[in-house]
Amino acid sequence: MQRKIRMGMVGGGRGAFIGAVHRMAAQLDGRIELVCGAFSSTPEKSVASGRDLLLPADRCYASYPEMFRAERERPAGDRMDFVCIVTPNKTHYPVAKMALEYGFNVMCDKPLTFDLKEALALRKLVHKTGLLFGLTHNYTGYPMVKEARALVRSGRLGAIRKIVVEYPQGWLAGALEKSGQKQAGWRTDPAQAGSSCCMGDIGTHAENLAEYITGLEIEELCADLTTFIKGRKLEDDGNVLLHYKGGARGILYASQISIDDENGLRIRIYGDRGGLEWRQEEPNTLILKWPDQHRQLVRTNAKAGLLSAASKAASRLPAGHPEGFIEAFANLYRNYALALEAQLDGKKPTPEALDFPSVDDGVRGMAFIASLLKSSQSRQKWMKAVAWK
Amino acid sequence: MQRKIRMGMVGGGRGAFIGAVHRMAAQLDGRIELVCGAFSSTPEKSVASGRDLLLPADRCYASYPEMFRAERERPAGDRMDFVCIVTPNKTHYPVAKMALEYGFNVMCDKPLTFDLKEALALRKLVHKTGLLFGLTHNYTGYPMVKEARALVRSGRLGAIRKIVVEYPQGWLAGALEKSGQKQAGWRTDPAQAGSSCCMGDIGTHAENLAEYITGLEIEELCADLTTFIKGRKLEDDGNVLLHYKGGARGILYASQISIDDENGLRIRIYGDRGGLEWRQEEPNTLILKWPDQHRQLVRTNAKAGLLSAASKAASRLPAGHPEGFIEAFANLYRNYALALEAQLDGKKPTPEALDFPSVDDGVRGMAFIASLLKSSQSRQKWMKAVAWK
Amino acid sequence: MQRKIRMGMVGGGRGAFIGAVHRMAAQLDGRIELVCGAFSSTPEKSVASGRDLLLPADRCYASYPEMFRAERERPAGDRMDFVCIVTPNKTHYPVAKMALEYGFNVMCDKPLTFDLKEALALRKLVHKTGLLFGLTHNYTGYPMVKEARALVRSGRLGAIRKIVVEYPQGWLAGALEKSGQKQAGWRTDPAQAGSSCCMGDIGTHAENLAEYITGLEIEELCADLTTFIKGRKLEDDGNVLLHYKGGARGILYASQISIDDENGLRIRIYGDRGGLEWRQEEPNTLILKWPDQHRQLVRTNAKAGLLSAASKAASRLPAGHPEGFIEAFANLYRNYALALEAQLDGKKPTPEALDFPSVDDGVRGMAFIASLLKSSQSRQKWMKAVAWK
Amino acid sequence: MQRKIRMGMVGGGRGAFIGAVHRMAAQLDGRIELVCGAFSSTPEKSVASGRDLLLPADRCYASYPEMFRAERERPAGDRMDFVCIVTPNKTHYPVAKMALEYGFNVMCDKPLTFDLKEALALRKLVHKTGLLFGLTHNYTGYPMVKEARALVRSGRLGAIRKIVVEYPQGWLAGALEKSGQKQAGWRTDPAQAGSSCCMGDIGTHAENLAEYITGLEIEELCADLTTFIKGRKLEDDGNVLLHYKGGARGILYASQISIDDENGLRIRIYGDRGGLEWRQEEPNTLILKWPDQHRQLVRTNAKAGLLSAASKAASRLPAGHPEGFIEAFANLYRNYALALEAQLDGKKPTPEALDFPSVDDGVRGMAFIASLLKSSQSRQKWMKAVAWK
């Protein structure tokens, strides 16, 4: 392609955190440019947000239906190539559905949809349209996560026995939603967030990370979800025991009441020949554990001869220059852009380009939430995982 | 007292790790001296071990019954004051029973006994004799654990909501018991270790640590114990969900197949006003977490004005001079010695002196193991904790 | 401004690391766009690099003189607003000089020039033209560096007594320049890099960081520069004792032969009331040290009420989402863009917008190198710092 | 030997920190017992301290001359074998001299003496008497320091190029000596401490550590000593550049005004094939750095097959059971006791037993202090190290 990929955005107006992240991530590598948007459900705010972003007035749309209609009318060499959806959970499905129906490729924030039923319907539509669909389970974009994946998949850790993945946060340890804080408001509101707060928001990241690295699937689980804040309608903490297919055991926990924990996603994986450990808050180090060698610290982009192609491709800087959250997020967009370029050029994307979370990952996440809720409400110890394939 | 307390030892002969630890810990502060022992079930080895330790020949006994008989015959100002029991689990009960019957105070390695039934019988005997009984759940001896306890008990963290306690090790990740390694041999042998390997050995330490700091009791639990090594008869890994009385939730896990994890006991506790975190492998730092203050690092014996009396009393060196495992272990002995001095002098021990694990802690540990096994074999999600009081 | 600031670039073509960093950093916040460039001294490579970057053909220039001439001819509402210079050291001066003479504002990679004489001449020209000049001493862009500066400047640490700043790297521990590696080649070549390798490249970052945080100026110094690799013409390691005006003492060291150290810039500052510590490789934590409070960990964008306005403004994400090297670099560009917008709108930039390294910082850096070389060659212990004001 | 080695003590009475450390360290392994002492220069306090320690009344001496005389009179099978000297610096020499003259072996706290002249005289006397003399430069007792030494001496790091050793403390950041704190009082008093405070107390530890690991000797140095507290008569901070024989460069710094730094001894050593790093406050980890392998963490007593005999012999516990300051200190005593046993049995001590600091290390330390003071007062950049051999 001799031009940048053109992105439109739904959601992410003034004051929204995740919209800005998507814009920075998408444009970091100079292959994608934001060309239009419907940034808010309030038409005036939507347009004003677009102007803040220095977009031309005629591409600051008052609503997403208006945007899809107007962009479809623009000449092929000018209209947006894909839309990025960063609205609250409940609108993911209707926005994505309309985008696909208007022929636009989609990059969607997670969770995929409001519930599993919508997720299955959306997947059907994606498959039917043949359009490119990405989901921003962004933590899999870190170079050292890709290194971990390459290591496990290569068999160097042997057969996986145990996975411990945790995601503690503390920001909902008080009744923040009562203070008018917007994000706390919708995340704890079943009408907007769906049937889960903590597990839907961050527990699914933990599940996705474990699956991305190991390829293992949950067979059955035992969940203990808790709401600690009085009057809150969704859970703010959850502890889960896992049985993976093939015999591995797991613990997954997520929490939003773990005071002063910021964004503590951490994973430990043990095989019968070695183990590894990674922490999101210090993402450029991967710890390797061996029975008869000294513990090793693998570092982003250090000692190229020892690293997988995947982790090297996911890094932009020499070792010692910290690459963070935005860069990891950008790696999803980079691959999505590469795949989309190929598709727009009528070619088949490479396997490397397809290394970004798909609609299938989104369906699996929604099924995971459904499994957790079923288990948490049951007196039965082990609950078979809800099917997602 | 104008003399040292006199200790005898059962077990801990040549090649035993834990016996040497007890000797170093007991004698570190110069208030206790080893005067005699029956160090092995093999008479020759027992005597030779005593000679290695430079004990007089007439107090290197061939067996513990011989020792109890002979020591009782010695004059009051000369005979041993208490016996330290460091044999494999299955003999704790008979040795302790005989010691008590012969009128000797006892310090016993954990777990208390082979099973809960023995534990209950032993407790009855302790109460009946009025002798002083200590149990070496040694991790509660660290100064920063005592600081954590003081903090939680003072209410500064508010009502406790969540406890995450873990204890991963890797030393049994292979079939070490088949290589003839002695400790692996008896720990994985139900006839010697009892009904549990991993949870009995280290899971009980984790449970004890959580209880020591918070005072919370387990109401019900859900356990998933696994044996990863083919042919091994006892579990080498266990994951447990916990419901504490009063509403706190917990995760406890212990593992002996977590390759290259050494002795990774770690605890995180979250209340509604603050949280804390402590790791055994870096024991002189306690992390405090607050909603609206910077994270704090409390350090052993640093800034006396900010520390509890309990943590200061448990430390021997200025801040920055690492105090380790032996020093923590020695704190149990120091308190035990203070309490025993008082008792021998006909006085009531102070509450501070009684800060060492008691026979009750041992019974609770055995009940915990029983609860885990019941739960692990059940299809019911939540199992009421086996009573121990 | 209702449009993006337009940037041209000199240098940074195919294979150059730092050019890509500047492009990502400049464009991260969506206020600057790259519109043209002369990316290489080889005309064909220059143009091809521009095409790689998806620039229009007529703005991929064969050389920087051509670019300056052509851009000046473009209408005011279309021509580039400033030029970013990312060539090897020796051409900084001629490129910047011509840019200024053609009326373009400048953002220049460090060191400012080839030698102090050029630096002084360039400063004169900047002052004469009144154009906006920035220098990318990028490490001062980190939020926690700004927090450190705010803390020191507020007096909370008291009078500064001691500064220890170090910058070990290992990449030149072997004779990498003999392998044809391009960057090693020019950095160790006096004709291209100037009179210093290690101190010019990274020692000046260390000096700049210390000055940025504390505001202290070096009064006299004692330097020990060493070349460890046989045949290398410039130093690859340097240790320096510092006397600051006002009585503070310092140690500064930089090294390129410290095997496996990546980019280990670290600073410790001690006042008479407190101290602080910061490491570039874990940039989102600032350690605070007090005589009578627990050690504190300040974290990027955590607990807004406790942070300075400067550090909050320099951060884009909630706490726990690591912000790295590119984000810190982008903070220089963001402020530069804000200042340039004001200037282009005929307004005076705010003090906050002027928080980026200036031509004065560049002159001071060149004077620092000159001081080091004088000291290193002298038998006199203390060498007065070369004047730069 | 079929008995314990008998130790007497001079100094270390009530309230003294280091005396208690020596007693714990000496007796940790059950090969040494404290049998007598003259614990204070105040006779009543001396005797009372002995009683506190549960010593028999007739061996609680009022003064050290009385102790030496009385112990010499006791039968050979009963008198003390060696004396441990833990008095303030200024009395090391007279006490050690008298002990040697009375035929007693000596273990002496560091620094060896009040000044270099005394040190040389003492060495002569040690050689003349043939008695065993040890010095407690205790940091060399850590297992990972011994591992570092074995690694460097084996050549695995190649030729050593650079050493950075630092020892920051903060306890004298205020005028503590004015508050009546005893240790601050004598350490800052030239009449008691000698010509140096900070460098004599802790700078010599840093020098000793570097020499112990690398075997390198200082050829010339450049020192900058500072007194930050008004009215204090000795320096409380010092920064030093080092040239080692053979071409290695070094930085050594020690400080007692680095607020909230506890006991921050840290060393980094770089050769032309690899590097290492060790911190006293986390002593059970040794970091290894390689140009083309992942960074490695060596851990005390982990993976026996990879460790040197020296580090294994210096450790008492399985990996993961922290060994701290007292255990490291005890390693000096253990080796001293082994060597003394051999000597008392008329045998030649093994090289392994002689791995404890000797009178030569003490002389070298005193010469180092003399070199620092000469350099600090000079305007000459490089000062040849004062001879000590």
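Per-chain numbering from 1; labels A, B, C and D assigned in written order.
One rule holds for everything that comes next: a residue touches a chain if its C-beta (ideal position, glycine included) is under 8 Å from a C-beta of that chain, and two chains touch if they have at least 3 such contacts.
None of these values were measured; they are calculated from a predicted model.
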Exercise for review: Find the chain most remote from chain B, comparing centres computed as mean CA coordinates.
Suggested key: C
Point to revise | Between C-D and B-C, the pair with more C-beta contacts | key: C-D
Check your understanding: Distance from the CA centroid of chain C to that of chain D, rounded to the nearest Å?
Key -> 44
**Study point:** Interchain centroid distance [CA atoms averaged], chain A/chain C, Å
**Key:** 34
Check your understanding: What is the distance, in whole Å, between the centres of chain B and chain C, each centre taken as the mean of its C-alpha atoms?
Key -> 56
Practice item. Among the residues of chain A, pick out those that touch two or more other chains and give their numbers. Key: 261, 295, 299, 302
Study note, to complete from the structure: In the complex, the residues of chain A that touch chain C are 2-4, 17, 20-21, 23-24, 27-31, 34, 51, 53-54, 169, 171, 261-264, 280-284, 299, 302, 316-327
Check your understanding: Contact residues on chain D for chain A in the complex?
Key -> 288, 292-299, 302-303, 305-306
Revision key, fill the gap. Within their complex, chain B touches chain A through residues 161-162, 164, 166, 168, 170, 173-174, 222, 224, 226, 228, 237, 239, 241, 243, 249-251, 253, 255, 257-261, 268, 270-275, 289-291, 295, 378-382
